[in-house]
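To start, the structure itself, in structure tokens.
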């Protein structure tokens, strides 16, 4: 059988691997469409032939849920937020109300994802606001349209520091994690998954997502599995 | 229509072309009406007089504010009745003042462009004949951009001739051509006029061409008709002569080919007596017209002897009209025909010429150039 | 250069214009050399002969494969020495065969386009004079697209005249104009030639214009020089006459204005005797040239009487050459001047004319049109 | 060739198909609209002109979103089309539609400029020779604007090869079905360290489009040379 | 006006500034490159032609990424520019650069088509009247291609108003500094239920671009009428 998966673009590395091992095991094939969670949610609402939806944002899962197509749904993964630096010599910092981000930036920009729309940006803004840092730093924040672009800015040195998911930082050798945001500084970072059809392949893939083999792959990429 | 009829020539003759136009352009108003019999209607007049504007209206490229145009009885335009045939339904071959060749087509394809729409499918012979007459054989595969000025105008001419039109509009078709080439093309126009009976509206600045071809002549100035009528009347009208250009005033007399003499001279019988011309003019019995420039006519009281001029015709002076000083136009009657002579006032005085007097008109055979022998 | 000199006219006269060209186009090869004295050099020849190509080379718009062009001693092009001045450095006013007006500029701006580059800043009077001569006053604020054919060519002419060039190239500048308008413009060209001493290369199909203006005439056929020399020689050469067109062959004789007679006739002294003309010709003492069409000359053995023709000049027959049958060209000597007459063989036989014989040449005053009186 | 994965090859093939169809299908309406805008004076001319330019003005994502709303299986147009068996959403046909829509203003602009440069006097001349309007268009106007049509088509093709935003929003990013080269490049850029893979795809994309560009330039020059009488 | 937030107004103002500068600054090089491509035969002509088209062919994200590499403060060009005090990355100037680069091929295409339609015989005529090449260009060629230049500029302007991918990748989305209308619209669309806010911005964006379009059409018609002798 075949399965079509709509998944948040930031999951590509891990999910490709999960899909590959599932394909090898079952002989079925998976087509995965990676794009922004929002775009995918709208497409599903518009009738896209997706069997599985994996969102990086619980909000968009609600949009999909309202279509009535969801057969099964659960929070698949969790992630953490980190502060990354371009300079390998950059020293570790402690996230807290006393963090002097402006001093760290030395006039440069803090790279984030869109703080009002892309989940990584929303979480980051919430965390900075939690410590009362947001208002001061807001003018110096450069918002990219997705996490990978945020990462690229720091990797290229266009921005000295950035805020991304831990999973992104893991895979990029040109950035260095200088701090991890405490979990209580922002709403929990969740990746909900939903099964939208009842085909055998869809059920099989949906189950494979929560299999121990998949968990290993996800964790190797820095995700927390929730099961 | 009443207005148009007013200035129609040969009021009895069948009207072939009826034009009545009123159109304003910024700073220029066209307002004229004429109805012409079949044959060539020449539009003559200074630069900017409105000739091209009239022709464009006939072709359907300009829709006048008011007007009526009919060819051979068929109405092409009648603003009153809200009739306006689009250009492609008018079947009118138009030789534009600027050549307007299709730059992306070869000369051959340009020439053949109208063939597809011709109601009768023309045979290849017609194509070959036109190409040969216009000397286009070597150019057929060329593109218009690489043609000389005269070559372009020849192709444009051929293109219009080959579309099998029911009427031809020609806006100075020969202006860019040399005398020899004109000499080859003019007889073809005459054949179209006489044999094919194709109505032709012909714009030209060259009085020689007009005299040779025109059945009717319309003299246009500043958008209005200054004169209109049969060619012979307009061209021998001393009042209109200045408009035609000093060298060019002259009358047209009719004749009939009597035959060719042993030494090669052609003998034409006219109402004024026989006229000898130094080139073949056609079969015996054929009707033709001779255009005699006013400047080429010499007068003598008695019959002169020992002169190289061959044509000495008895005539009677009907009118003496002052022209630009110190010269006069003398109109002569040769039987029913009229001849125009231009003399100095001194000669008129020296010879004591007066109206009603009998005299002799001397015309050199050589001064009637073959281009002044008109096909009928 | 050797080749160019070979066919130069007046080998003694100062060479003003030197042209030697070799250029191949697909199916057409231009290969000619001439060096002309100051004045107007006319290029004459059938459609497609290569006239425009020569003019383009002089303007710098065509770079010939081989060639040398010099004006007044300054070398514009020498492919041997790898010299090729760009067009804008040549300071040559070019009246194109197609008008090539700038469509985005008003007539006024078109006329003034070259002024900025003129080495001497022309005064407004010059502008007004040219505008008046060309009758452009009412058109100054118009755009070229709304002009008639003749209006366009007049603007193009004015534009070239007003750029203060050191040489003029004119490619059939008057072809689209009526006789009256030509009559207004030609004297201006003569003034440019005589007073301003501007060298002019003049392409025309009209022998009358050529005869009137040209100092030298080059007859071009199929890219080669068929004849070249001073205008009077080329135009009275019976061998070249057919190329000029039947009506148009004729000689040019020199004369001097003697004065105006009481009845308005002008008296011109020529080597053959006095000639009377029916219009003003200039101040007493002024040199001028008369062009006499071969067809307009009548011959008589004795001195004829009672004839309206005023000019009866004693002459001697120098040559009788067959022309198109049944006619001959008779070359006459009027003292040192040559005259050409075209007669029928019958007249020659009837009068018993032979070479060397004395006779009288009869020229109607009226048949020498004012356009045939040439400014020097 | 192990230089490109099977999925990459799919993307190349798909891109060529999508860009080709997008260009080919938008050419006739492109010529028609360009002609209407250049030559006709009709009410609503500005509206048509604005509509044509819309995909240029809007962020591509918005265009994609509007297409999604209109052409989704349960959208107004998509529903109607589904009845005749044509599914656009989430298929390569939809990708071609998106690319065509995005490229349309570029095509119309080029063709319109070319039409405006044609001398109406030549069309008049053809009419006097008996040619109907349609025939004049086919035998005079169209050949004369051929270089402009070619320029428009190739610009549209290039744009279609590069279209990303509207495509991913409208038809999603399904490998083998809607994943064109730009989408594949985007996907690669989502993978840490995927730059090298992305670069390979960029090279292919650029090569294909530049190849088409060169061919079209050469064709246009030949046409121009013929018209100038050198051909 | 409470219909638009202050940030929205900022985006409007910024978009106008960015699109205006992008168009104005790319116009002179656009004309130059178009002229060179249309009239000169030089080695590397195809390369230049290809380079010009590159932003059309590449996914905008890639263009933005390449700009980021080149013009980042520590990038090769960005470093040099920083020394003369010009910072492009993360500033509106960078946004203008991105928009200009993306719009450049459209501008060049339009102008080039217009130049190719100019009859060289008119330029020759100007030269015989004494005008140098530069003067001929300024007084004959340029006025004759004005409608094409206008068309190119307005197409570029429309594209600049809508540019998203390259802009956000190169200069990111900094409200008040680099957040142009398309970026604002995009942000809104990423929020569930943000469609209504996005729609408002779309209306503004379309209005602004269509206004410019109408003005340019009107101007172009006036120019054409003058040339046709009706003005």
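For the reader, a short list of remarks on this structure follows.
Note that the chains take the letters A, B, C, D and E in the order they are written out, and that residue 1 is the start of every chain.
Convention: contacts are C-beta pairs under 8 Å (C-beta built on N, C-alpha and C of every residue); 3 or more make two chains touch, one makes a residue touch a chain.
Everything quoted here is computed from the prediction, not taken from an experiment.
Chains making contact with chain C as well as with chain D: B, E. The chain with its Cα centre farthest from the Cα centre of chain B is A.
Highest inter-chain contact count (C-beta pairs) belongs to B-C. Chain centre most remote from that of chain C: A (centre = mean of CA atoms). Distance between chain centres (mean CA atoms), chain B to chain D: 57 Å. Rounded to whole angstrom, the centroid-to-centroid distance between chain A and chain C, based on C-alpha atoms, equals 90 Å. In this assembly, the C-alpha centroid of chain D lies 20 Å from the C-alpha centroid of chain E. The multi-chain contact residues of chain E, meaning those touching 2 or more other chains, are 61, 65, 186, 189. Residues of chain A in contact with two or more other chains: 152. Contact of a single residue of chain C with at least two other chains is seen at positions 98, 142, 146-147.
Every pair of chains meeting the touch criterion is listed here: A-D, A-E, B-C, B-D, C-E, D-E.
Of all residues in chain C, those touching chain B in their complex are 25-27, 45-48, 51-53, 97-98, 135, 138, 142, 146-151, 154, 171-172, 175-181, 183, 205, 207-208, 243-248, 261, 263-265, 276, 278-279, 294-296, 298-302, 304-310, 324-327, 341-351, 353, 362, 364-367, 369-371. Per the touch definition, chain A reaches chain E in the complex via residues 36, 38, 41, 59-60, 62-63, 108-109, 111, 114, 116-118, 139, 141-145, 149, 152-153, 156-159. By the touch criterion given at the top, residues 4, 6, 9-10, 12-13, 16, 31-35, 39-40, 42-43, 46-49, 146, 148, 151-152, 168, 170-173 of chain A touch chain D in their complex.
Residue ranges on chain E touching chain A, taken from their complex, read 61, 65, 68-69, 72-75, 89-90, 168-169, 171-174, 176, 178, 186-192, 194.
Across the complex, chain E is touched by residues 59-61, 86-88, 90-94, 96, 98, 100, 102-105, 113-114, 116-118, 142-147, 159-160, 163 of chain C.
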